[in-house]
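Consider the two complexes below, in which chain A is the common component and chain B and chain C are the respective partners.
Up next, the complex of A and B:
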């Protein structure tokens, strides 16, 4: 399996997409650190990249890669190889490539300019989002043979999670503001990985404000490790469920 | 008055007297009583003549939960180096470790207090010096606690370098004027770290208020000076670093507000100057109610707060010019260090959160940023006049070492 992963990684480096992504992240992070002297402000600016760009790149890169390596996959399937192994190799290779780009592209400037807890949390939530959106993109890719359609579905998911879902959430919160909706809102947040990653950052950046409002439940959630553990667990689920589902489909699929 | 000049009397195992009460009774005005190390189970020691009482190695005076320990009712009394424990508890009598009634020029220095209801309680006592005391209370509920240092109708008091933990209010002033509170630490008190009611022309400087129910509350007072204090970690639903209510003509400068739910909450406050303060990582740096007028905010740093300023109306009668805002996105074409376009410190989303607190959960999402950008371009909800016309491009150099 490690051998397959190695070949796929080599293959990916040849397309230069990963290098471009790495270059972009390095440039963006370094320039933000140079423009702003205050670390807290840099983290805030990077937050947008994490919440928007990282999922987007995850979705697009994964789908394109999957369809580009269709022939390679078919070739491997002709060999006496386990389908599951082939799929997991593909998945791990993509995750590794994107995570490495993220760790080097954002992590390196952070380590150079000074590590602090909110910067590390930023990196962590970026990694989590990478896992989740690669999984979702794999699912979209195994569902259809049409590349454009798969990219379209992936983008739709991205758009929905990044923007539409929050609008719906705000609307719901407004409509039911007379009821005790704290637990319900938290449950609703769990259905959006981008929101969960954002919550991880709120725990770092805005705990003073979050403590001030909406009662004891949030206070527990934001004042202890509970918020971190909960968000991480649900994000894990968001990564694991789509990928196991797509593996199930891939195993039975007539390619 | 046998010898005509002051004598020294010792109390304790090898002393002239076995009990403090006896010694106080027999002593003449102006005498010094030395208390040897040991444990003394005594209460309600009443002193009605000028005496100096000094403890050697912190002798423990334990009231066993009944009554008061010392009651002072004469001028020029000094209490030094004592360890007072377990006074009685009564909200009717305001029982205290040391209570002063008309005890002008009292000096309470370097004592320790453990689980006294009120620790130091002064009524109608002018010119008191309270310095270097360590106060600690550990009751679980507010009604079981008195204030650490409580002053009622006093003048010219000096409260310096004390440490107050776990009381109701750390320091409480009512009808107190011309007094100084300096270099104290008020930590983990149930209600306020420091509380002023109807107390004018006082100053508090270089104190730290940490992790209290709320940091400092100043109400119905005027001409107060508040300099170089630290307000930290005052977290909770109605928790403030500094609460100003019906105040006027104050000076608030060089303070540091860090990680409070609300840095400053002010209503009914007039003609107050806010200079050179740092607001960092607060939920709301300032909640400025529309009932405030003629206040001036100048040369303050606002860094990494969730919301910089929020308000409750469209009317703005205050001046907020020449501050540093880390959220400012303007430009400075003529390079004079001052941004060329005004900064609007009120975030539209703070209005939404005010109405529906649960909306806080979608803070910092892309949607909220878009809404905020739109609001900044065309203000519809936020007050258009609440703005900094001369925001600086760089933060003021205000950092100093913490106490």
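Up next, the complex of A and C:
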């Protein structure tokens, strides 16, 4: 399997997309650090980039890569190789490439300008979001043979989680603001990986006071170790369920 | 060696293969023919595990191949349109497949030599012409000395010299007792290479016998004539049944 991953990574590096992504992350992070001397503010600005860009790149890169390697997959499948192995190699190779770009692109500036817990948390939530959105994109990709359709579905997911879901949540909170709905919103947040990552970060930054009573409630929950473990577990589920589902489909797919 | 039992394959509502039963044996070479869309490529893809049949079973060497992968060590496949990672060079692709297959036995490098592929080892796949691609596919199909060879339109796109090289190679492998399945629309090629005929029509097995027998039945000397005779007969019978 490592042999296959090696070849996929090699092929991926040739397309230069990953290098572009790495360059962008380096540029963004370095410039943020240069613009502001307050580390907390830098992390907050980076958070906004992270929450939008990382899922977007995850979705687009994964679908494009999957369709570009259709030939490769077809060729592999005519060889004495297990379908599951081929799929897992593809998945791991994409995860490895994107994570590596993220770790170097954001981690390197952080390392230079001083490591602190909130910066590490930023990197952590970025990695988690990469896993989740790569999995979702794989699911979209195995469902259809049409590249444009798969990218469309992937983008829809991104749009929904990054923008629409929040609007809906806000609306719900506003409508039911007379009731004690903290626990319900907590449950609703679990249904959006981007929100989970955002809250993890905001609490780490101590800006939860700005979120009023609800913020205090989240702080109480997410601020503790339990909250961290809970959100990690939920994010893991967000990554594992789509990827195992797509593997199940891939195993039975006609090529 | 290969036994196909009651295979059905549906793509949505379209039935590509209907209740197909077929036994293929070592030492024979089969011409798989039929009009476009008659299910030839689907049948080949089922043998390779690229397409999974809706029902029925396929056995190679007495073992079912459904959901299996190890059996593909026994198969050399030359696709109609060879699809390879476009960014890799010819040498890298050959090296990669060698590496992945991890073959222990003797390698058959004859075609690489006679096609002079080594000259092109530094060229990237996307710069290759269709014929060059076919040569790479052919060399890879024979490379690991597999007992079963599946050749999908092997001579299409090759220049006359290369066609002869490939045909000689196929004949030589046939004589060494391998099972060969060839699809082609060029009847004169099949006349030289195949011993048996498998004729598919709309996913159905229409004719399966030796070519000698077919020629005897139709009274024709050339395979092309014999087959067109077979098709006309078949159409005639169909019309009779309908009316």
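Everything that follows uses one rule, which is that the second predicted complex is superposed on the first by the 241 of 255 C-alpha atoms of A that agree within 3 Å, B and C clash if a C-alpha of one lies under 4 Å from a C-alpha of the other, contacts with A are read in each partner's own complex, and residues count from 1 in each chain.
Simple rule for what comes next: a residue touches a chain if its C-beta (ideal position, glycine included) is under 8 Å from a C-beta of that chain, and two chains touch if they have at least 3 such contacts.
Computed from a predicted structure; not experimentally measured.
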Using the superposition on chain A described above, determine whether A:78 touches chain B (first), chain C (second), both, or neither.
-> second
Does chain B (first) or chain C (second) touch A:225, or do both, or does neither?
-> neither
Figure out whether A:252 sits in contact with chain B (first) or chain C (second), or with both, or with neither.
-> second
Touching partner for A:2 - first (chain B), second (chain C), both, neither = neither
Looking at chain A, does chain B or chain C touch a larger number of its residues?
-> B
For A:177, is the partner it touches chain B (first), chain C (second), both, or none of the two (neither)?
-> first
In the complex, chain A residues that touch chain B | 38, 40-41, 47-48, 51-52, 162-163, 166-167, 169-170, 173-174, 177, 181-182, 185-186, 189, 194-195, 198-199, 201-202, 205-206, 208-215, 218, 223
The chain C residues in contact with chain A across the complex are 11, 45, 48-52, 69-73, 75, 77, 79, 83-88, 96-97, 99-101
Taking the complex as given, what residues does chain B use to touch chain A?
-> 235-237, 239, 259-262, 281-284, 303-304, 306-307, 326, 352-353, 355-369, 395
Quick one: in the complex, what on chain A touches chain C?
-> 3-4, 7, 11, 14-15, 69-72, 74-83, 252, 254-255
